[in-house]
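One chain, chain A, appears in both complexes that follow, with chain B as partner in the first and chain C in the second.
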Partner chain A sequence: MSAGPATAAGPVAAPLRPGRTWTAAYDIRLALPLGAFFLVFFLAPLALLVLVSFYADPAMTRFGLDQYARFLLDPFSLRVLGATLWLGVEVTALTLLLGLPLALLLTWAPGRLRGLLTLIVLLPLLTSVVVRTFAWIVILGRQGIVNAALLGLGLTDAPLKLLYTEGGLVLALAQVQLPLMVLPLVTALSRIDPNLADASAALGAGAWRTFLRVTLPLCLPGIVAGCLLTFAAAITAFITQSLIGGGQMLFMPMYLYQQASSLNNWPFAAAIAIVFLVAVLACVALLNLAGRLSGGRARA
Partner chain B sequence: MRTSLRRDVDWFSFHGAVLLLAGLCLVLLAAPTAIVVVVSFTSGFSLRFPPPGYGLRWYAALAEAEQLRAAAWNSLVVAGWTTLLSVVLGTAAALAIARSRRLSARLLDSLFLSPLVLPALAFGLAALMLFSLAGIPVSPLTLVLGHTVVCVPYVVRTTVAALSQMDPVLLESSTSLGASRLYTFRRVTLPLIRPGILAGGFIAFMASFDNVPVSLFLRDAATDMLPIRMWQDLEGRLDVTVAAASSVLILVTVLLAAVMERAAGLSRRMAA
Partner chain C sequence: MPLHRRSLLAGALTLGAAQAFPGLSRAQARKLVFATFTGSWEEAHRAVLVPAFRKNSGGDVILDPMLSVDQIAKVQAARANPPIDVMLHDPGPALTAIAQDLVEPYPVAQSAHYGDLIADAQEPMGPAPFFQIVGLTYNPEKVKTPPTSWADLWKPEYRGRVGITNLNSTLGTGFLVEIARMHGGSETDVEPGFKALEALKPNLAAVAANPGALAALYQQEQVDIGPGNFNAIQILKARGVPVEFAAPKEGIIAFKTTIHIVKNTPSKELAFRLIEAALSPEVQAKLMQSPYLIVPTNRKVAMEGEVAKVLARDADELKRKSVFQDWAAINRGRPAWIERFNREIRV
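And now, the complex of A and B:
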């Protein structure tokens, strides 16, 4: 930014009011409608959710910490929470492993090819979640492509059970969430000065070393952003979890939905929602912190 | 000699590994969509791949699937109103917070984007509690209100990005040439940020059309929404009609995305 507006644009373009420049031209009051909307339809419901979670009984007659005690002292509930968070970790790791090379390829590709590749990356993000998930049922089902190929090659005698397994679920979720990982990575990678890689090579570092010591640390903000988005999306992916995971695997979103909708136990559903929310926010904060710490070290 | 060979091995192994994984990744991204389209043309009754033969019978069945059609119409109407509300509220809010350095602007920015990370199902339940406490029965109206909360962040994000890329000198010269603030907004700012608003509106529309977690709680029994209908169909029995419906959705999405790519440079905006 150049000095002041007066020196930058001359006296003619002097700000309309002293001390205010065009860079902050629009009135903050323009945010009032959306602010009010969020207050009524976003913050108030969340506050209500917290309140309801403190009711001790489904009929909502007296207050108490019973619902939280019920969740936190119940091995079943804790297992559901643990399985959900672990699912997020697995999906995030797989998307990072696959997404980083793709993001690198995107930054190397020349203009036209890059546009085409970007559209392929965007395609899953734009198609309906039900459609994407449905595609995986076709692929992983007993009569699906994978089984047909394995049987055709004589690698198995009977169709394998791929649908309704954790591996299948992780794979399907990884495909669904890949764009969320690749896009921030591309942004971060394209901000890196290409001269740095050249300098690293000129100083004798090989391709792997340059990648590990220069590129990777510099795109850490993108990695953190991508991991945040993928993790949050994977653990809340209600549809994919229920269709590919099937009835045997229970994760937090379905647990919440069952309690609220089928069992009509609003206080317990609210408590599940709050525990889930807090867990998500804690993971997000943790990742952010890790990113800042390692980011700081990379710069130092 | 030795070192140069080692460098070659190093270079080829790195680039080979990247190309291999990236290629695998591209197949993984594109294959499922392609497979759904192929299967939808099957002449058989099952989701077998490759299909035993090809035909249009499931598209004919789709034309008679009243429930799916009604659900698609409901989703379309709700997504339309949600987009309208999101664009109006979101653009105004983006103007207010984009170039401001105030603490309040930054706080509002994180508030408006926070529905993106919160589990939407928790918000859906919370909104249902609010409406039932206020004595408002769930209806298409409550659907639009709930959808707007989870869709407006996309408009705010893309519009804020477009505003912060705008050169303030353009606004200064417009004023210095005697244009009023409103005129400057209409003739300079709005045309410059229009692609950002368009891209945000498009993503908001798609997100609303495809929303399940909020709709599950905020729809009334009479209002069937397309993704929920399809989800329930898939849980019950694997029907090839769903494949035909999916293919139609994919086709419409790709067409819309192509139009938006021309109008707003969608891929650039979403990568930003």
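And now, the complex of A and C:
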């Protein structure tokens, strides 16, 4: 999955000046250690995974496309895939909605406040995902902070079911992944020349118009990068999905784990992993493309 | 000979590597790795079993707690050089591990304690150092009359209050078989069990991903009643969480938890010593005390305290009150049940 977010940096990186080739600018051999690392610890295991997925039976005795047929021709498995990708979309949308104002605030804030806000944004990254997820169990539970507040205000008679629901899961994931959205956004926003906003205002545009026509298009690379990171992290968040979503809400990571660990069906688990990988890469490519297309229009 | 920068660097790197991977130079001296279970088991084993083992062998041991299925996956991936020396298994995974040739037969003839184990615990491929017990767990502050039967879970007053786990765990699978049996089914026919689960849906507050997550839900008062492991709740009880165990009149579900020497381990002798310590009456008697309350299998250990009060006064009574399920049959049906549970049980 790590390959996805890495390509996201593509559009953000400054293009090389024409006339200078790669080898002249950077010695390609500098990348050899990383290349070797990738070959041994990423590509080789991935090749093994692909190989295992082509075994026809759980005992791994003969080859065939049985596992892929089993997944792709089964409406239930496809529904699990769809639900997982949809979960990613929901979390990404909510994270963007929460993250964009926060990133704007961070960019506009004066020096000292900015440092404090950055710390607050980074703080969740310094705590383990397990700890953050358990905090959400406490917040969303029947005796949790949300329900206690609602009951106390008389807004509800009985505690609402928030834990083990999709809404609760989306909320928890959005908080857990928020830094992944905010950091690329802040980078993109802080790179925009403040003179552009002044020029827009001088030409008679209101604050909203300036935001929609100038700021938003210019920080699009940041939005795309943030969305890619959040999406990839949300759909693969095994711990948060199983602790907040519970044992009956099945998403791809749990489906995969169940087949591999509980059922010892490695070929089917491998096939699930490959299908998931391809589906995620397709989503990432689509998002990248959308970003590039709309970016092109904004510049035109 | 003049020292070149390059040869110095190479020398430094070699030294550094030897420091970083001490296993390279002394592969034989590695510590014994025991994959216990997470939670209260790990605490109990760290406090009681590890010191006893150190005393009887002089060796050292690392506890690497993980689920049975994950132990199997790890050993399977490195059969020739297993990362674990001693495995601990629920009955289902134990059969899988034996069938896949991942464990050594236990050297019964050399064992000082094997013959003292009650008959059900004597397994030549890996003896049972303790039993796990599944019954009903409930929050006594919310459930005023203690439950007496599995059937109590279907009472309308527990609407939205019941918590179960999915079939990934021994607990969830054992519960399904038990409610199937209650409605005329068996290990080979769980159809009535699925019907009963369907009828339980209005009462379900949560289907947890594993028994540990389920136990935590009592603490959050997200659930008030459900099937539960006798030992999993003790750690909560000891910390003041209102949760109690009740034996259903249909019988408590008893699982043998077996301990195995991993095939191809470089430390076979130490592994044997650790298991001997786990079977010894001294260790089992200590593990039976509060807060661990682990059910002993050595006949020389007299049942006392909470175990005697809530479960059974001796091995014979335990056997009378318990249901030992047929896990060979369960293992055959389980993949299909998990599939079905995935599809049908949506709350």
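The rule we apply is simple: the second predicted complex is superposed on the first by the 266 of 300 C-alpha atoms of A that agree within 3 Å, B and C clash if a C-alpha of one lies under 4 Å from a C-alpha of the other, contacts with A are read in each partner's own complex, and residues count from 1 in each chain.
Heads up, the rule we're going with is that a contact is a pair of C-beta atoms (placed from the backbone, for glycine too) under 8 Å apart; a residue touches a chain by one contact, two chains touch by 3 or more.
Quick caveat: nothing in here was measured; it's all calculated off a predicted structure.
In the three-chain model built by superposing on chain A, chain B clashes with chain C. In the superposition on chain A, no contact is made by A:Met60 with either chain B or chain C. Looking at the shared chain after the overlay, A:Leu243 reaches both chain B and chain C. Of the two partner chains placed by the overlay, only chain C lies in contact with A:Lys161; chain B stays clear of it. In the superposed pair of complexes, A:Ser262 makes contact with chain C only, with no contact to chain B. The larger set of touched chain A residues comes from B, when the choice is between chain B and chain C. Applying the stated contact rule after C-alpha superposition, one finds that A:Phe76 touches chain C and leaves chain B untouched. In the superposed pair of complexes, A:Leu289 makes contact with neither chain B nor chain C. By the touch criterion defined above, A:Gln143 reaches both chain B and chain C.
Shared-chain residue A:Leu216: touches no atom of chain B or chain C.
In the superposed model, A:Leu30 lies in contact with chain B only, and not with chain C. On chain A, the patch touched by chain B and the patch touched by chain C overlap at residues 137-138, 141, 143-144, 242-243, 260-261.
Considering their complex, residues 67, 69-70, 72-73, 76, 96, 160, 165-168, 172, 205-210, 213, 216-217, 220-222, 334-335, 338, 342-343, 345-347 of chain C touch chain A.
The residues of chain A lying in touch with chain C in their complex are 76, 137-138, 141-144, 161, 163-164, 242-243, 246-248, 250, 254-255, 258, 260-265. The touching residues of chain B, counted against chain A in their complex, run 6-7, 10-11, 13-15, 17-22, 24-26, 28-33, 35-36, 39, 46-50, 88-90, 92-93, 95-102, 104-105, 108, 111-112, 115-123, 125-130, 133, 145-146, 148-149, 152, 156, 168-169, 171-173, 175-176, 181, 206, 209-210, 212-213, 216-217, 227, 230-231, 234-235, 238, 242-243, 246, 249-250, 253-254, 257, 261, 266-267, 270-272. Taken in their complex, chain A has these residues touching chain B: 5, 9, 12-13, 16, 21-31, 33-35, 37-38, 41-42, 44-46, 48-49, 52, 97-102, 104-105, 115, 117-139, 141, 143-145, 148, 174-175, 178-179, 183, 186-187, 206-209, 211, 228, 232, 235-236, 238-239, 242-243, 252-253, 256-257, 260-261, 266, 269-270, 273-274, 276-277, 280-281, 284.
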